[in-house]
Structure formats: structure tokens, C-alpha cells
Amino acid sequence: MKKIAVFTSGGDSPGMNACIRAVVRTGIYHEIDVYGIMYGYDGMIHGNIRKMQSHSVSNILQRGGTILKSARSEAFRTKEGRKKAYEELSKHGIEGLVAIGGDGTFTGAKIFFEEFGLPTVGCPGTIDNDIFGTDYTIGFDTAVNTALEAIDKIRDTAAAHDRIFFIEVMGRDSGYIAIECGIGGGAELVMVPETTTTIDEVVKSLKGLRKSKTSSIVIVAEGDEEGGAAEIMDKVKSRFKGEDKEFKVTTLGHIQRGGSPTAKDRILGSRSGMAAVEGLLKGESNCMAGIINDQVIYSPFDACINKSKPLKDEYLRLQELLSI
Amino acid sequence: MKKIAVFTSGGDSPGMNACIRAVVRTGIYHEIDVYGIMYGYDGMIHGNIRKMQSHSVSNILQRGGTILKSARSEAFRTKEGRKKAYEELSKHGIEGLVAIGGDGTFTGAKIFFEEFGLPTVGCPGTIDNDIFGTDYTIGFDTAVNTALEAIDKIRDTAAAHDRIFFIEVMGRDSGYIAIECGIGGGAELVMVPETTTTIDEVVKSLKGLRKSKTSSIVIVAEGDEEGGAAEIMDKVKSRFKGEDKEFKVTTLGHIQRGGSPTAKDRILGSRSGMAAVEGLLKGESNCMAGIINDQVIYSPFDACINKSKPLKDEYLRLQELLSI
Amino acid sequence: MKKIAVFTSGGDSPGMNACIRAVVRTGIYHEIDVYGIMYGYDGMIHGNIRKMQSHSVSNILQRGGTILKSARSEAFRTKEGRKKAYEELSKHGIEGLVAIGGDGTFTGAKIFFEEFGLPTVGCPGTIDNDIFGTDYTIGFDTAVNTALEAIDKIRDTAAAHDRIFFIEVMGRDSGYIAIECGIGGGAELVMVPETTTTIDEVVKSLKGLRKSKTSSIVIVAEGDEEGGAAEIMDKVKSRFKGEDKEFKVTTLGHIQRGGSPTAKDRILGSRSGMAAVEGLLKGESNCMAGIINDQVIYSPFDACINKSKPLKDEYLRLQELLSI
Amino acid sequence: MKKIAVFTSGGDSPGMNACIRAVVRTGIYHEIDVYGIMYGYDGMIHGNIRKMQSHSVSNILQRGGTILKSARSEAFRTKEGRKKAYEELSKHGIEGLVAIGGDGTFTGAKIFFEEFGLPTVGCPGTIDNDIFGTDYTIGFDTAVNTALEAIDKIRDTAAAHDRIFFIEVMGRDSGYIAIECGIGGGAELVMVPETTTTIDEVVKSLKGLRKSKTSSIVIVAEGDEEGGAAEIMDKVKSRFKGEDKEFKVTTLGHIQRGGSPTAKDRILGSRSGMAAVEGLLKGESNCMAGIINDQVIYSPFDACINKSKPLKDEYLRLQELLSI
């Protein structure tokens, strides 16, 4: 293998740049040419491909976002689109791919591999930490810390006014960000898609806390089955009628995707990027380079996409127990 | 004057604790007893008043929120309520008041002074910077820096996906936070209540920038005449139909109220608190201790409440010129 | 077991408060009285012991330092001192101990247990991550992120002036902070006590980088065999005579010990604190509650003190490979 | 005037990039070509000059350091060097200069102007805030906030161990950073070059505080007449012999020069850069564009270099009074 290409796809996450840097430099170290594909699958189709040098990735380790950019690609969902992509890669003599992204990225990579047989290794880049085959995903630790800083600030103002705050964090199908924010932020309640918490239970909990706590924080994962934070707040509020209690809602939104990555995400991105390239060289393909119990493990895309990673029961218990 | 009391009222702002600390320690320095009133006017009415020592305000300088808490008080809007408040203060022998807050706080303080003649000096504590009689209000600098950090993060993800982001910052009647965030965040457009920017103009600007910029950020003050950021985005988006452009919205919300105050806010809070106490001792009353051109100036509550502080034209021009 | 006590000892680390909070609340949850011992072993000897309530640990989760304070204790190194400590604990009816700290703390705890048989479980609180029996210690992640933020800032000014910076981070016997900062900060070189890097090698590396890099950063663990960062810089500088290259040194020092803990350290502190109490209840003693491969593991104090935790070879390789 | 050039010189400061961006974009707005000179006066002599476009300064507003880099230039201190510099500028047809830097930069600019008559306007870029003709310099606010964050962290560990910390901040001839950190950080004592504080006084103060404070922080400006923080600590420590008190020292160093600029510094850099270009166009020269009482003021280089800016007495008093 003498020429490989790297791209980012799906929602960006802090640490993707560290990963790109590691891919490029590991390639150079092994005397391989590394190409960068701009805008993910869309750029692949349009031949938006450029050769990377060591200095192309200087001074990006500490930056959020992705210098290779990301985009949706309807065309790549079609056979014609993928064929065009393969032709563009062939033109450049690309013999291997590193795909940085999440579920959707790997689904595309798997189909592409099955159709054209181009060796591909993935790196888990998404803030949601919802990918099987790795303990943590690149960007998750930064997202949690960013959310936590926001929650710390909100607690200041919640405490000053004795308010109940509902704070919505990211996580469409996964409560990982929510539960870590709940433990780390000392939240009174956490609502995640993995467990059922009814409005009745929320109301009961909050009413129970009235004696011991003047203000409360409820963390809501965006994918919770009772709705978003605003909707849940409205339902709860209606059950406190006649009581002199203020309710507020904040949706943290896209600030969770950006920012300079934490040490953990810089290291995870770097390890994963190096492992992807060295995996390709050793013949790994159609799989993701994750870190499980501090070891690099290559898991088939198939497992990464289809198996789900459960929330840790210990974390749910920890959050509940410590919120007394 | 041998006994004074201090309270915070209205929305909390970072630096209020620095101000409380300065009031307490300046009082002690001048051998005056200082009392803290909890929950603003409401606590005044309920006699929620406690004597403060030097160590009561230890280790609070760097904290957001207010250790004296804040609350709304419907009762204080009535003559009976205010009479009750005066009686409670009299019971404790309070001879002077320091009121930390914004417009509403000073309106209450003015009426109370006119009715009962208790000497009162205000300190400008609000993140909005919408108070006449001071160049900056306590908490404004922190709010701007908090919003700016969020905007920096959002720019990472906006750039990664070539998106147009509408970001709503606080400021109901004032575009101060928005304009400073606009200049500091390198925003492409800023929408403030003080100037009229039509949807037509926004659309025209954004379309004009398409050649030179792949992503754009529009900062919207919550009080803008065209609506909040979400509403404005919807209007603008409908005018980009058929174009492959993604629009996103984020409302920064209450994170702007909390957090450890910046150096500027700690110093402003400290100066203002010291000036309030020393003003009371020198016979100042029914006025606010602001800082204008780096000098302590006592302005009548009447002026602070009724005069408006215009946005600087230079800032509007600076933002526009630099966004090319 | 109906009464336990908790204390912190040795150098403080961010997350110790999260751990104290977890100990107190887990105790309360299991209907046990929890006492706080102030100033570690010294306070034990002097009977500086107080009962803790749930609200005693409110609002401390996000704070650096330790509310129970820490101190050296010469007296506890004597048999008489320890006897006095045991008598004070007996007076309060203490039946179990949670010791939060590092090597020295556990050595004391082990001797104390062997002499008086009071069940004791430790929690690994130290920024150095040099304790066997846990993947990470409480405070390590925060220290690394604090150092990394400082390194990012220094890189700005290093790059502006094309300078070579030597940055000393904490770690007397351990290069953990240094190596994570080296990978995360994109350092050109890392000098750790675990490996030998001669001045010759440093000079050769830096001279080799002259073509590709205008500025360089060398991270030095305080315990490196070639001396501190200042000493190493002097040695290296003398080998660049006649060349127009500026060298600078910064010792990050005690900022690495303080600050609001990261999510990881809040969670690790919380888990470890809960595990210590529940371990005591289940009969664990003379051991530390660490987290290995994401599982709570109780390792004998003996092992924690005497076995050393090697640096990961993968990390050394990663840093070297990516610095090209 | 159709062609101007901009450069940075002396120590870098956060906000210099905001200033460069404003110079370039204001020039383009007024249909002027703007050239960037790399490495200050040194690059001027070597003709290291390149044309800047609007996108040359994209995405730099939020970055520390200076994209134009900085360097010392012995050659520029000679007549021959300056002649060479003038010839290089003439080759490019440069008709005006914007010099971003401090004292040394403006001294060079003044001599250069007097010899060759090339119109030059300066922008005050230095973290020390020691320049007459402007209330604040670009980078000062960021440096203070960076130092303050470090001081907050150190206070955590100082409090945990009841220690006395001596913290050295930057400021060779000026106590501005020190005094703002002293007020903002709640320091017990501040030692600045502008006032004389003897070791006797320091010892007396610290001994006096023993009853009320268990830990103390002394901020030392690097240019204090009693020496650096380490030297002062040693002197003080020797006077506490026999007392069980721990002393520690931290020198914050170069972290104060880097980092993402605060809102204030981004705005100040932007205003100053715009004012420099528009000043040149209106015929201003041999002067600096400062901001005094929120107005742009052009002060002759001569005054900026030779007049000193005294510390505010109010600040010294505020710090002292609030440290009780």
C-alpha cells in the first residue's frame, strides 16, 4: 500500500483534527502518500482530493472542527454516486481509506467496501459516544466538559434565584453525555432515552427535594422519550400550579460540538488515527479502530453499526445516590 | 451612620459577589456594621436580614451568582409591603442601604427612598449594560466573554459544515452584548433593537457573502424587532429555497448569567461597592455609583432609570467594516 | 459499621471534594454517620473531627482543593502519635476510615491498620497518576488539561518568536503528566524519569527539526534524570552557541494542582468515594478502591505502595512518531 | 496613499492578530493595498513583505500570537539597516506604515520616520499596559485574566494546605498586571515597582493576618524593587523561623503572553487597527492610535515613549482595603 486517503463525515467532533494529523504523519512515517478528501463522501464523488504534507497538519491538534470539512451526500446513497467516487479515488491511485465519523459514516464505508473492495478502516469521531467497539468516541470527553462548564454557570444563577432548571444536552439515541453531565454536574435528575422516567416520577422527585434543596437541575438528553427539555418543563410546571417556583429551560445546542479538544480527545484521536493507518498496512479492513480497556481493537463495521452500547448501570445508580 | 444593609435584586450577574464583598469590607474598614438582606426586597419585607463579618465574604470574589440571592417581590410593589420592609429595617437599626441590581431594582429603591427617606446608593449589577450613568455594568464583561467563547466553539462547527448560524444572545432592550460579541466574534451580521435591519437586508447580505465566505454567523439580540434568532432564521431560510445551504440556530440563554467573573467585573464590582459605602458616608443618596471615564460618578436614580444609553456608532461601523 | 470517618492527606488534587461528597452521601444513603477529619493525620491526632451532613458537601463537587484540608504530620510517624490518633477516633466511635491521598497517605494507613486494626479503604487522590492499582488517579486528568491549556498559550508566543521552549510539568517519579501533555500538546520532545534521554539526544533532535519547524516545545517532567527544565535548557543552549536561536523556560508549578475538576475527575472521585464506603461495608480493608478497565477493583495497600505503574510504550511511540 | 504595510514587533500580545485583521480589512475597505511585513524590523530589512487579502486574515481574530511574527533586529539599530529597510519598502511602493508593538517598537518607528519621512501610525500592542497615550494596551486584559485564572487555581491549593504563596506576574516597569490581579484575585498583598514595600512591611502584614487568614497570596510584579517572587519569598521566610508555616512560589511566566484574546482585547485591537489606517489616510503620522476615555486619540510617539503612566491610587487603596 503506497497511497491512502482520509476524510471526515457526519457531525464534526473535537479531536477529529488530531486524528487527521495522526493519519497523515503516521502515513509519512511509514513512507506512504496521504491524501485528504474534502467534504466527506461528497468530495470523494467530486474528486475534491489533495495531497497532504506533514506541515498540512501543523497547528491543528488543538482546534475544534475538521480541516477536511464535512457534508451530507445524497449522491453517495446511490450506486452511481459510489461508482463515481471509486473512479475518482482510482484516478489518484488510492489503495486504502481512513473514514473518521460515526454510524452513518461507517454504514457508507461498509457498503462502499462491499461493492469495490477498497480497504477501509474507521475512526470513531462523534460526540455522542454511541458507537459499539470503543469505550469512548473522539469528541465525547470535550462535549461533556463543555456541557459541564455550562451547567456550572447555570447552577450559579439557579442557586441565586432558587430555580428549577431543565438543561438539554446532545444525545439523540444515547444518554452518555447526559449521565456524565448528571454525575459531574451534581444534577438532581437525569432523563435519558435508555431508561423510562415518567413525568409523574419527575414531579415526585422534585417535590421530594423541596425540603432539602432550594434549586434543582434536571439534565435531559435530547432523545428522551418524554420530549425535549422545553416540552418536559412545560409538563412538569403544570403540576406545580399554585406553588411559587420558577422553572427555566436551556438547550445547550451546538456549543457541544466545537471548541479546543480536551487532552483525552487529542490523545484518543491521535491513537485512533495511528491505529487506523497501521491497521491498513497490516491488512485490517472493513472495521473500526477503537480503544477498549486501553487497547487498540479492530471491530468489524458491521458490529459497530448494529450493536448498541448500553449505559452503565453503575453510573445511573451513582447519579441517583449522590443527588440526595 | 453606624449600620447599613446590602442586597441584590433582579437578575443575578457575575461580579455581584465581588460587590457584596466590597460593601461589607469597606463598611468594616470604616467601623460600620453591615447587614445582608437575603432575597432582595422580598427578604426585606420578611426580615430575612443577617449581620455580615469580614469572613462572611471570604472566597466569594471569584464566584458567579449572589450569596444574598435574589427574588421577585410582588408585595414590595404595594405601599403596605414597603412599609413592612421599612419597619423590618428599622428594627435592625439600618440607616443606609446599598442596592445592587438594574433598572427595576433602582425604581424600587427610588420609590422607597421617596417614601421613607432611608439613604440609598445603588450599584449597577446587570449583564445587559443598559443602565445610564455608568460606562459598564457589573457582569457585562463576563457575559460577553462567555458568549464569545460559545461563539468561537460554534464557528468551529459552522466552518466544518459551511453552515449559516443564527446565535441569540441576551439583551432585551439593548444590543450591547450583541455588538461586542459581533466585533469580538467576527460575526458577519449583528441584529440589535437599537437599529432596524430588515429580513430583506439580512438576505441580501448573506447572499452577497456567498462568494467570499463558506460559513456565516449572525448574532441576534433577544430583543431585536424582527424576533428571536429562531424566528429570524425561519424567515431568512425561506428565502434561500432551492439553495443547498444549511441553517442552524442556537440560543445561548442562561449560561451568560453565570460563571466566574472576569477581572474587569471583579474590579468594577469592587470599586462600585466601595464607592457606594463611601458615598453613603459622605451623604450621597437616591443615586447610583457608576464609573464613567474611569471615575466614580454618582448619578441620580431618576437619570439612571429614565435616560437611555445609546449604542456607540463607532462599534456598529467597526463590526460592519470588519466583516467583509 | 455505623460510624466512619474520611480525610484527605498529602498534596491536594482536583476531584478530592467530589470524592468527599460521595463518601458522605453514600454513607448517609446506607444510614451510616460520616465524620470529616480536618488536616489529615494531624487532625486525627488532635481530634479535629466533625460530623458531616448531606448539605456539608453541597456545592463542592466543582471546586478544586479539599474542604477537609491537608497537612503534614511528623507526629503520625511516631507510635505515640498514632496511638493518640486511634484514641481520638475511638472517642467518636469511628469504626471505619476512608483515606483520600497518594503513596504517603496509604503507607500511613497501612501501618495504622496493622497496629490498630481499624478497617480502612483508600481512594487514589493525587495528580501524578503514579499509583498502582488504578488506571487513573483523581486529579490527573485535570492537571493534564490545565497544563495543556498553558502549553497551548505558550505555543502561541513560541511560534510568534520562533523560540524553543522548555516547559516543566509536575511528576516527581512519574512521566504520566509529561507524556500526555506531550501527545496532547504536540510537543517536539518529552523528557520523563522512566526513560533516559541524554542532552546529546535532545540537541541532535532539536537541530534535526530546524529545517521543518521554526519553533519547538520540550516538555520536561520535574523528576527527569537530567534535571529540571531550567537546568536542561542551560545545557542545551550552550550547545547552540553562535546560532541565532532564542531559548525560554517556564515551570508550570502549582497551577496544576488547583482548578475546577474535569468531568473525568468528578466522576472518578465520585465512583471511588462510593466504592470505598461500600467496600468498607462489605468487609474490604487495608486496600484502595481503584478503577481498572472501568471496573472497581480493591487492591491491597501493600501493592499500591510498592508496585510501580510503568508508562505505556504506545504513548512514548505515539509522541515521537507524531512530532515529525 | 495607495499602499501601506503593517508589522508587529517586540513581545507578542493577544489581540495583535485582531489588530492586523482590522488594518488589512480597513485598508481594503478604503481601496488601499495592504502588505504584511514578517518578523518586524528584521523582515523589513530583508524584504520579507507580502501582499495581504481579506482572507489572509480570516479566522485569526480569536488566536493569540501574531501571524506576522516578531523578532529582534540589531541591524535596525544601525543607520545602514534602516536605509536598507527603507529601500525595501520603496521597492514595494509602500507609502505608509502601521507599527503594532510597545515602547521599543515606537522608538524605532520614530527614528525611522525622522530619517525617511514615511508616515507611520502605531497601535499599542503589549501586555504590560505601560504605554502613555492609551488607557489600555492590546493584550493587557487577556494577560490579567490568564493570570487571574492561574491565581484562582493556586488559591485552591493554598487554602487546602494553609500556605503562603508568592506569585510573580509580568510587568518589568509597571505594576498594572499585578494590581489588577491583586484586586481581582483577592490577594493579601501586592508588590509593584511604582511603590516601595519593604520586606519588614511584608512580614508585618503577613504576621498580622495570621489570626484572620489561614492562607495568603502575595502578588509580585517581576520588576519589583525587592526582587522577584522567589527572592522575596526567601527573605520573608527567613523571618518566620520556628513557625510552622509553609511558603511556596510560582512564576506565571509566558502563559501570560498567549491564549485566545478576551472580548476587550479583540475589540481594542480592532478599533486601534482601524484607527491607525484611517489616521494615516487623514494625515496622522509619527503617533500612536490609543483609546482614552473611550475615544480614539492620536498621541505623538514622543509622548508615548517618554511619558510614564502612573498606577491609579484608587486601585492601590482598593486592594489594600479589601484584603482585610
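Lettered A, B, C and D in written order, each chain numbered from 1.
What we mean here is this: a residue touches a chain if its C-beta (ideal position, glycine included) is under 8 Å from a C-beta of that chain, and two chains touch if they have at least 3 such contacts.
Small disclaimer: the values here were computed from a predicted structure and weren't measured.
Student: Applying the touch definition from the top, give me the chains sitting in contact with each of chain A and chain C.
Tutor: Neighbours common to chain A and chain C are absent.
Student: If you average the CA coordinates per chain, which chain's centre is most distant from that of chain D?
Tutor: Following the centroid criterion, the farthest chain would be A.
Student: Please state whether the interface between chain C and chain D is built from the same residues or different ones, using more than half shared residue numbers as the mark of same.
Tutor: Since more than half of the residue numbers are used by both chains, the interface counts as same.
Student: Please compute the C-alpha centroid of chain C, do the same for chain D, then give the distance between them in whole Å.
Tutor: Each chain's C-alpha centroid was found; their separation is 35 Å.
Student: Can you compute the centre-to-centre distance for chain A and chain D, using the mean CA position of each chain? Integer Å is fine.
Tutor: Inter-chain centre distance comes to 40 Å.
Student: Can you list the chain D residues in contact with two or more other chains?
Tutor: If we look for residues of chain D contacting two or more partner chains, we find 152, 155, 159.
Student: Let me know each pair of chains that touch one another.
Tutor: A-B, A-C, B-D, C-D
Student: Provide the residue numbers of chain D that touch chain B in the complex, in ascending order.
Tutor: By the definition above, chain D touches chain B via 21-22, 25-26, 28-29, 54-55, 59, 61-62, 135, 141, 144-145, 148, 152, 155, 159, 180-181, 183-186, 212, 260, 262-264, 266-267, 270-271, 274, 293-294, 296, 312, 314-315, 318, 321-322, 324.
Student: So in the complex, which bits of chain C are touching chain D?
Tutor: Residue positions touching the partner: 8, 11-12, 14, 63-66, 69-71, 146, 149-150, 152-157, 159-162, 165, 248, 250-255, 257-259.
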